[in-house]
Amino acid sequence: MPIVTIQQFPRPLEQKRELARRITQAFAEVYGAEEASVQVFFSEVDGEDWAKGGVMGCDRKPE
Amino acid sequence: MPIVTIQQFPRPLEQKRELARRITQAFAEVYGAEEASVQVFFSEVDGEDWAKGGVMGCDRKPE
Amino acid sequence: MPIVTIQQFPRPLEQKRELARRITQAFAEVYGAEEASVQVFFSEVDGEDWAKGGVMGCDRKPE
Amino acid sequence: MPIVTIQQFPRPLEQKRELARRITQAFAEVYGAEEASVQVFFSEVDGEDWAKGGVMGCDRKPE
Amino acid sequence: MPIVTIQQFPRPLEQKRELARRITQAFAEVYGAEEASVQVFFSEVDGEDWAKGGVMGCDRKPE
Amino acid sequence: MPIVTIQQFPRPLEQKRELARRITQAFAEVYGAEEASVQVFFSEVDGEDWAKGGVMGCDRKPE
């Protein structure tokens, strides 16, 4: 703990690496949490598995 | 918000599209929510990643 | 399966009852799923446990 | 209900089968739950979708 | 990792304690995982936040 | 999207506010995401609903 689960569109590893680094750092600085206790999970969905406003992502332009 | 996450067996896009449309409409009609605020995530698992009654889906007949 | 988890602001029971009924019906009609196999979980958060655009819900007007 | 979701590294089917069997049995014995009511979902991530201590799994040795 | 999230009706601490112990032991024995790496989260819902077959738990008898 | 769900021990509002702000900023800077598209959910558990290494949080010292 803390466990962070991120639902997002697929992203390159390089971006996920940097994001996980910053989120972990935020927990350490704001909560005083040990960095080793922070786990981040990326749960990627594409436009065929996500809808907004009742419209599938693959039928609209990604945000 | 609201965020809807659906754990299910894989389904064709056409069915997910229709389901997302109806769920979103239900939020709009029952809650008075703005359609654009409703997001639906499909998290599909196959029979090798799901068990019921202690038996893997791939070892039984799907519901 | 399917399992539906809804992250939302608190709502009256009456609205959740109607929403669960409609969502379940949608699975039955669109997927041909047995109604008894559909479970819906409401995970309610208030404005002190949710942020959008980096602003806590309690610091802005709810959607 | 109960619904069990497991976030883990990929594992062979044989291990997941045995784990699901034991977890289901634990619910039956400890809670007195009907085995048929227990569902287990395996949500597998690889080292490119998980970080601990701000370091991606693919950049460190798996636990 | 592994992270186990259990959606269930409220249960006494004593039962959750025993269940967490057994689940953790199962991971250790079946996966060869270190016990310290296993985290279990109980997410309890009552009958006003859960429906099965389109019927809220509070409107039916709990399983 | 992206949707961020954080499982953690209870924290004061002030800390959650600051954490949400930083996480949202990280998505904007690293992904180029619109801040308004980032939602953060805090799912707080106490020591009676969480175990590590098979030991409930209330039976050990919190991390």
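Every chain is named by a letter (A, B, C, D, E and F) in the order it is written, and numbering of its residues begins at 1.
Here, a contact is a pair of C-beta atoms (placed from the backbone, for glycine too) under 8 Å apart; a residue touches a chain by one contact, two chains touch by 3 or more.
If you're wondering where the values come from, they're calculated on a predicted model, not measured in any experiment.
> Enumerate, in label order, the chains that touch chain D and chain F alike.
A, B, C, E
> Quick check: more C-beta contact pairs in A-E or A-D?
Looking at contacts between chains, A-D has the larger number.
> Taking all residue numbers at the chain B/chain D interface, are over half used by both copies (same) or under half (different)?
different
> Relative to chain D, which chain's C-alpha centre is the most remote?
Checked the centroid distances; the maximum from chain D is C.
> Please compute the C-alpha centroid of chain B, do the same for chain F, then give the distance between them in whole Å.
Computed value for the inter-centroid distance: 25 Å.
> Counting only Cα atoms for the centres, state how far chain C is from chain E in Å.
20
> Go ahead and note the Å separation of the Cα centroids belonging to chain D and chain E.
Whole-Å distance between the two chain centres: 12.
> Indicate the residues of chain F shared as contacts by at least two other chains.
Answer for chain F, listing residues that touch two or more other chains: 1, 3, 5, 7, 23, 37, 39, 41, 43, 50, 52.
> Pairwise, which chains touch?
A-B, A-D, A-E, A-F, B-C, B-D, B-F, C-D, C-E, C-F, D-E, E-F
> Where on chain D does chain C make contact in their complex?
For chain D paired with chain C, touching residues are 1, 3, 39, 41.
> Please output the residues of chain E touching chain C within their complex, sorted ascending.
Interface residues on the chain E side: 7, 43, 45, 48-56, 58-59.
> Chain C touches which residues of chain B in the complex?
1-9, 11, 15, 18-19, 22-23, 26-27, 30-31, 33-34, 37, 50, 52, 63
> Okay, in this complex, where on chain C does chain E touch?
5, 13, 16-17, 20-21, 23-25, 35-44
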